[in-house]
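One structure below.
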Amino acid sequence: MLLNQFLLLGAVLFCTGVYGVLARRNAVLVLMSIELILNAVNINLLAFGAMHGEAAAVASQVFALFVITVAAAEVGVGLAIVLLIYRNRTSVDLDQVDLMRG
Amino acid sequence: MENFEDIALSTAVFLPLVGALLLMVVPRENEGAQKLIALLTTLATMGVGIYLLAEFDYAASGDTMQFVVNRPWIDVISSRYIVGIDGISLPLLVLSMFICVLVVLYSWNHFPSPHNPKAFLALILLLETGMNGTFVAQDLILFFVFFEVVLLPMYFMIGVWGGENRQYASIKFFLYTLFGSALMILSFLALFFKGGAESFAIADLAQSSSAIAHGTQLLIFGGLFMGFAIKVPMFPFHTWLPDAHTQAPTQGSVILAAILLKLGTYGFIRIAIPILPEAAVSWAPWIGGLAVVGIIYGALGCLAQTDLKRLIAFSSVAHMGFVMLGIATLTDFGINAAVFGMVAHGLITGMLFFLAGSIKDRFHTLELSRLGGLLIKAPKMGWILGFCVMASLGLPGLAGFWGEFPAILSAYNPAAGVSEELFRFYMVVAAVGTVLAAGYLLWMFQRTAFGEPTEEFSHEPIPDMQWPEYAAWVPLLILILVLGVYPNLLFGITQEAVQHVVSAVGG
Amino acid sequence: MVAQNIAFGVLAAATSLAAIRVVTTRNVVHAALYLVVVLASVGALYILLTAEFVAAVQILVYVGAIVVLLLFGVMLTKATLGEDDQLDNDQRWLGAVIALFLLGTLSFVLVDAFGDDKLPSLEGVSRATLEAQRGSGAVGDAIFSTFLVPFEVVSVLLLAALVGAIVLARRD
Amino acid sequence: MDVLSGPVAGVFRAPDVDYHAFAPELVLVAVLVAVLVVDLVLEGRGRRLVGGLAGIGLLAAMVPVLTLAVDGANRSMVGGAYVVDDFALVFKGLFLIAGYVTMLLSSDYLADDDYYEGEYYFLLLSSVLGMMVMASSRDLISIFVALELLSIPAYMLAGWRKRDLKGNEATLKYYLLGVFATGVMLYGMSLIFGITGETVLTEIGSKLQGPGASLPLVSLGIVFVIVGFAFKISAVPFHSWAPDTYEGAPTPITAFLSVASKAGGFVALMQLVFIGFLGRDDVWQPMFWVLAALTMTVGNLIALRQTNIVRMLAYSSVAQAGYMLLPFAVAGDLAKGPGAAMGPMTTYLLIYAAMNLGAFALVLAVARKTRSGEIASYGGLFEYAPGLTVLMSIFVFALAGIPPLGGWYGKLVVFKTLLDANTPWAIVLGVIAAVNSVIALYYYASVAREMWMRPVPDGDTTPVRVPAGLTAALSLCAVATVVIGVYPQVVARFGDLAVFSLLP
Amino acid sequence: MLENAWIIPAITFVSFWIILFFGKRLPRGGSEIGVAALVLTFVLSCVAVFQWVDRPADTIIQPVGASHASADEGESPAGGHESPAAGMDEMEEGHSLGMRVVPAAAGGETDVEGEAEGHEVEPIRAAVDKSTTWFKLGSLEVKAGIHIDGLAVTMLFVVTLISLLVHIFATNYMQGDVRFTHFFAALSLFTTGMLVLVVSSTTLQMLFGWELMGLCSFMLIGHWWEKKENSNAAMKAFLTTRTGDIGLLVGISTLFFAAGRTFDIATINAAALGGGMSETALKVGAAALLVAVIGKSAQFPLHTWLPDAMAGPTPVSALIHAATMVVAGVYLVARLYGVFWQGFDISAGGANPIAIVGGVTVVIAALLAFVQNDIKKVLAYSTVSQLGYMVMALGVGAWTAAVFHLFTHAFFKALLFLGSGSVSHAVHSFDMRKEMGGLRKHMPTTFATFMIGSVALAGVFPFAGFWSKDEILLGAGKNGYEFFMYVGLVGAFMTAAYMTRCVYLTFFGEYRGHGHPHESPKAITVPLIVLAVFSVGAGWLNAPFLNYWFGEVTRNETGVMAGLSHHPFEIGAALVSTVVVLVALGLGYVLFFLDKLPTGVTQRNALARVGYRILDNKYYLDRLYTDWIVGSVKGAIAKAAYWINQRVLDGVVNAVGVGAKRLGRWVYDTIDQGLVDGAVNGAGTGAEGAGGALRTIQSGRVQQYGALLFGAATVFAFVLAILAV
């Protein structure tokens, strides 16, 4: 297997995620897109880990685990914030959240 | 106190600050105590000035500083607390102390609206610390700090106690000068690095600067030039001045005219020329050119004014033009004349601003078209105005002459390496400027003092001089006359130090 | 070898297509389901990369927890469960341009850097050795020794996220 | 002390932990758990107690920092992934003090408006803990985790005013952009890891310097990592969250974000750039050049147009970050090596902390009376609160860099670094910075103008009552600002200390 | 007294301060102080005169022309002056001309060379030089001192005398004036200024005196400043003379450096004559000083301030015109004659700028005097014309004649002005046409003295003016300036004519004013009588029958070095000028006394009626006179001249004033406020605008922020990655 197979897949995933966070109006969908980005990172990490031998392989897995953990925490916090906003606005449309500008 | 000599300069600098802090703790209602503290502080500072005058070694060679104190300050950037004075700083330092005393005296019953003497006097004292500090600092970083210290109090003085358009004027003053000092500090740093000096001490930098390539020297001098020229102010960086002067309260105008403007010219003499003599020679034609443009331009500006204070303000542009012309010649004549011009302008224009303030107090306007007949309403004040007008237009026998004439004289024969033809042309232009000066000043005098009072004031009682005015003005008037008749009082102090400055240029 | 490549091809295709559906579908719930596909495929790819433990965590945490959480989010915010034309905003094209430009740049530098580099083959290595070198045991050891500090920090992080999320999300 | 080296296959050996080195963090952990427990037990009855506990905890954590400083030894643990040296200690001190001042600012703010208090302190302490860890983290994973720990509580704190729409918006924007930036940073980190196969910065540093390391991929990785932290320090164009978040967040949190969180970002950047990417100034130097120039200029220009004091201070702190970035932009050209850029940055950060915290403290004090964030509401402050006016003048002019108030020295050392680099690019940047400091003066002075020269807008001249905590915070900041300005040696020393001992 | 001549200005200076501060409290408003001070100075001046006359003429100076070849004996002129033994701060006395001063006892043989060249080298009285260090300017020690020679002594005498008489006159004339005390204070200061100028040994001191007079003229011309015209006139006087001062500043500077960094007049003269200066410097210096003279001495074309200056009180006019201020310019030329002599190459003959300026002024001013109706203005233009004489005389090399004319003119011009003052005291006006006429009956003393003054001015033998004017004409003729001799003659002709008109209008015919004029009191008439005596006799001092005593006494080093020649009285030339004057008087008589120019006069006046009848019979002659002479001279030429004067010259002066104001306004509005300040404010506005524009990026929408974040990150990555390829 080529290293670049994974890396390019990661790149595609990453860019898809970027598109998602920029183009999606619904806050929950944006959170989903963020997961795509973080998964791209993990693919990269593990592919590189497989590339560089055992020490790196372990480090990459640890790194990926931390990313997953943190991602979980982030999604939790993110959803709390989305709910908070929904409660005050009854909407999760990000376009409408523009009280402050300039 | 056994060795007062060592702490004399520091006392001169920080005593007013102590006074200001003392003022802070006096209750707001107790105005008498506030005035007294301010007066005593300035007097005590002046006392230090007299001590310095008495103990100063006038015969000493110009290349040694006196009353030097050298202590560590910011080791990390090789900057030290070095203070000292020579014949160039001494007169300006004493002038600053002197003017502050008079300003406090004058303030006695002249607090501008919105009153608040406590803050007002505290600001004056803070200003004095900054000004005195600038004149004694011998380390560039220290100099920079003191140079900037004066900004804030003056900003507030104009902005709070100023005229109608005070906010615009104060911020303009502030931004302008800050712009200059930003470039100035960049130049200081460049001097330090490019020359590889050991410290920011002026003496060290003067020695190391020869290692800097000529082109770089020119650039650095340009930065210094901008910094100082804005403060002077030289054409075309002068536009903050009329606004600031016009809007400032009387005391602010006096301090601004008498001392603050001198910080710029002092910077040229103390820093720019001794440290970068070669660049100074290359820049001299430009400085001289701007100086004479300033002379003519300031005069023309004056002719266009309808406001007394603004007119006096514009006249500063012209007068400082003479000072700068003197400096640009890089000769001992020119620089002596410049220092004399600085002091003389301080006394005379300070006096004119005092007068303008008192006129405003009485007539509630400074519109020339509404004034007139001052000699009828308040003859003493009118004649004093006449005296100051004459002094300002450079009448021989009064102090102003010695700032103008030697500057013109020196332009005939500038330092080696500076174009003679060009400076002789400048000389003629400057001489034309003296006529224009006479023109606008007499015109102003005619409009204010001569003739009958205008309808609106013809029946209004206008009080003549009052005691705080006497107290503040008489010393100035006497000095203007004495210096005019016996200029050696000042030339005697400055010449050794000036000789040293000029020797750097090779003159 | 071939099998791996075929597996990769299938998984990569599934991942990419599902990911694209996640960001383009007009149905919020569908998006969540496509996300499950993505996450599961990625987990499978981890196995290809001999990171079984991570793959397991991926499935458990992501599919089991995060997606469920997101679905709760969808429900709680009363999103339209069917087709919804309002899911995208008007800077879609800008987003697309940025994403494509980014993809181009990334592809270029990746190809430039690694070209045809192959992943080192582990065919000859025994299962046990692999397990010892990079298996869950090794990972666990590393976490409790080399990566002890981040591990402890993450614990505080999770606690903080928990506490904070409760405060923010609770009704009062 | 030889701590555990890398993972050893086979037998697991429990690591030796140097508890002295970890003491500050351990104290904090203990305190934050205590806070949580006390809050739970007392169920909101012991609000003051919780706040006091948190404050004491922060001060207590200061003790081991000081003992470590006195001890003076550099403690490098887990293969260089976690280091306690002078650099780390200086910043730990800064974070603790900033956290403490934030605490002082918060106590009355929270009490006045009946917000959750125990959780607030808990999150604040967590964030400070993240920063403390960040100061010592010298590998990618630690940095990542520390960054998250300092960020995630901050996201939530920004939205602590739950019923306030602006508060919601603040937290949303902060959170989303923070996560975006994290994503970019992580992608970058994965690339860096991929090229070097290492997570420890020193190793990365040596590998990136070797031959064949000048790949475009490396540049891309470095850029992405820097972007993650450029967000944190709100460098333009990654600053856009800052004004909105600052405005919507509770003011004490704004102060915290603008000082501590920003300092955290700088700490991370310094560690990454001066250890990990040390040899790659060809990449980061131009990037920082552009970032610095943009940050100063855009921050200052937009600040000119602000009418809300907090928003203005937000843009001002964006611009200040620009000045702090200047040494990065020329670090590679310094005669004494890139590390020489750290002293000025640290110095600037320390001074900035004092004056910016002071400014926000004052905003809080004044808002207690005016209930407004508009600059216009400061009109005539001098008439009824001369003391506050003088203090605010001190802070804003210190920010503007007017001697003898603190800020000038920060600017001076930064300019000095630029000229030390002595390249045309550095000079150009210096001129941009000089022009910017003039623009900045305008809006700082306009605050002073409002206070000193304008009438009171509503004519209400009842004096402002300033609670003790706020007074303490104000005095602390004011004294620091003035003393630093007059005798800069006090911070200059720290600036000198805060250089990595392992620099080549 | 010669060595201590500085006391003389010091006395008046002290008197100024006393009057200023205590004058109002004194019983006579301070006038007593002024008069007393002037008496004292006058006595001291007389002592100085006697001491000078007594001083042995024992110094021999070699003319430069004679020793030109041997002039370069090594020392520079400056070096010669600054003797190493000079005590730093002590008074020192020395013969200042250094190397060229050869005591007669030791230098008996030196005049051999001189005689060989045909110059008579007579011993002269050595000038008294005393100086002290004034101040040090850098490396230069600037001295202040006195330089007393014949010229200075003469001036001391004239100035103190005239000033004394003016003071006495004014005690009465100014009685009851609102600012009586101020007036006397200013008079004292004015006198001080002139005395300082006279005794000073350096150009710098001269500048002091010069400007001091400018100041006082301002104060005195504007004495009644309640009226705008008066203050305008004062400003005009000050500004016009100050315009000339550009020249003085430039000239002093040029000479300072050209003569080797010295202000010392003797040294400068010596350097100029001894070839110690570059030719360019000399030319520039001389030209610059000439500009100063034109301003101060009201020479064409800067003469227009002088008639306006009549706005001041009459005693002031007398002082300004006779002894101070305007003669300062002439004195300057006489003092620095070496510079002019060499700079304009006066010895060459033909024409030179000074002579031309003087000559033009003589004619123009005289023409203008014809058409004035204000008696003081007639006298003012007459002064201008006479000053032109003096300047012309200096220009043609007739140094002694110029000084002599300065001397005599002082008396009769003071007399005339005071006389006009006396008249106006009686009729309360200066308008000859409306308010005067026939005053000879009412004011006999005034009439008699005025007549003496008039004929003296006209140059009628044997009055003072005759002798001095004759010398000027002679000098012009003999020194190769024949053209200017004729100019002088024309001037003389016109002088006589306009004075006839003036006298006629004032004292003859019938009284046309109101009230009953009567003779003035003693305080006014006594000065008139004294001046009349001098107006008669002063001219004899340099007459052949007194052996050209004046010339002998005033001869100084400069004159000798320059080799000025003195031309003995020639009866032929004197006759010519006398004839010219007499013709003019006759013509004037015919024109003004016989013609009925002021209509109505003829009806009432018997004499006029007779004349009218005569003229009536000789109708064509009458026509000739009225149409051609009056019509052309008075009507056309004089009017044209006057028109030009008012519209062009004065117009230019005023336009310069107005123009400067306009220019100022334009510069201020357009350049300062528009351009310079505009740029500053524009930068501010620009920054604000940029800030406003940038704010739009901050749209408030989080995903746009995100786009910015990702977009910027991508761009950075792209650019830097490309750079790394």
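By letter and in written order, the chains are A, B, C, D and E; residue numbering begins at 1 in each of them.
Just so it is clear, a residue touches a chain if its C-beta (ideal position, glycine included) is under 8 Å from a C-beta of that chain, and two chains touch if they have at least 3 such contacts.
Treat the numbers as computed from the prediction; the structure is a model and nothing was measured.
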item: Given chain C and chain D, the chains that contact each of them; value: A, E
item: Interface with the most contact pairs, given as the two chains involved; value: A-C
item: Chain separated most widely from chain B, comparing mean CA positions; value: C
item: Chain separated most widely from chain E, comparing mean CA positions; value: C
item: Chain centroid nearest the full-protein CA centroid; value: B
item: Distance from the mean Cα position of chain E to that of chain B, given in whole angstrom; value: 38
item: Chain B and chain D: spacing of chain centres that average the CA atoms, whole Å; value: 43
item: CA centroid of chain B to CA centroid of chain C, Å; value: 71
item: Rounded Å distance between chain A and chain C, as computed from the means of their C-alpha atoms; value: 7
item: Junction residues of chain B - those touching two or more other chains; value: 175
item: For chain A, residues contacting two or more additional chains; value: 7, 14, 17-18, 21-23, 25, 27, 30, 47, 51, 53-54, 58-60, 62, 66, 70, 73-74, 77, 80-82, 84, 94-95, 97-102
item: Residues of chain C engaged with two or more neighbouring chains; value: 89, 91, 94-95, 98, 102, 105-106, 108-110, 112, 114, 133, 138, 142, 146-147, 150, 154, 157, 161, 164-165, 168
item: All pairs of touching chains, each written as two labels joined by a dash; value: A-C, A-D, A-E, B-D, B-E, C-D, C-E, D-E
item: Chain E - residues contacting chain C, complex; value: 703-704, 707, 710-711, 714, 717-718, 721, 725
item: Chain B residues touching chain E - in the complex, by the definition given at the top; value: 172, 175-176, 235-236, 238-240, 297, 299-305, 331-333, 336-337, 373, 375-376, 390, 395-397, 401, 405-406, 408-409, 411-413, 427-428, 431-432, 434-436, 438-440, 442-443, 446, 449-452, 486-488, 491-492, 495, 498-499, 502
item: Chain D - residues contacting chain A, complex; value: 6-7, 9, 140-141, 144-145, 148, 152, 155-156, 159, 162-163, 165-166, 168-173, 175-176, 179-180, 182-183, 186-187, 189-191, 193-194, 197-199, 243-244, 247-248, 302, 305, 311
item: Residue ranges of chain D in contact with chain E within the complex; value: 172-173, 176-177, 180-181, 184, 214-220, 222-224, 227, 231, 237-238, 240-241, 243-244, 282-283, 286-287, 290, 298, 300-305, 439, 442
item: Parts of chain C lying in touch with chain D, wherever the complex brings them together; value: 105-106, 108-110, 112-114, 132-133, 138, 140-142, 144-150, 153-154, 156-157, 159-161, 163-165, 167-168, 172
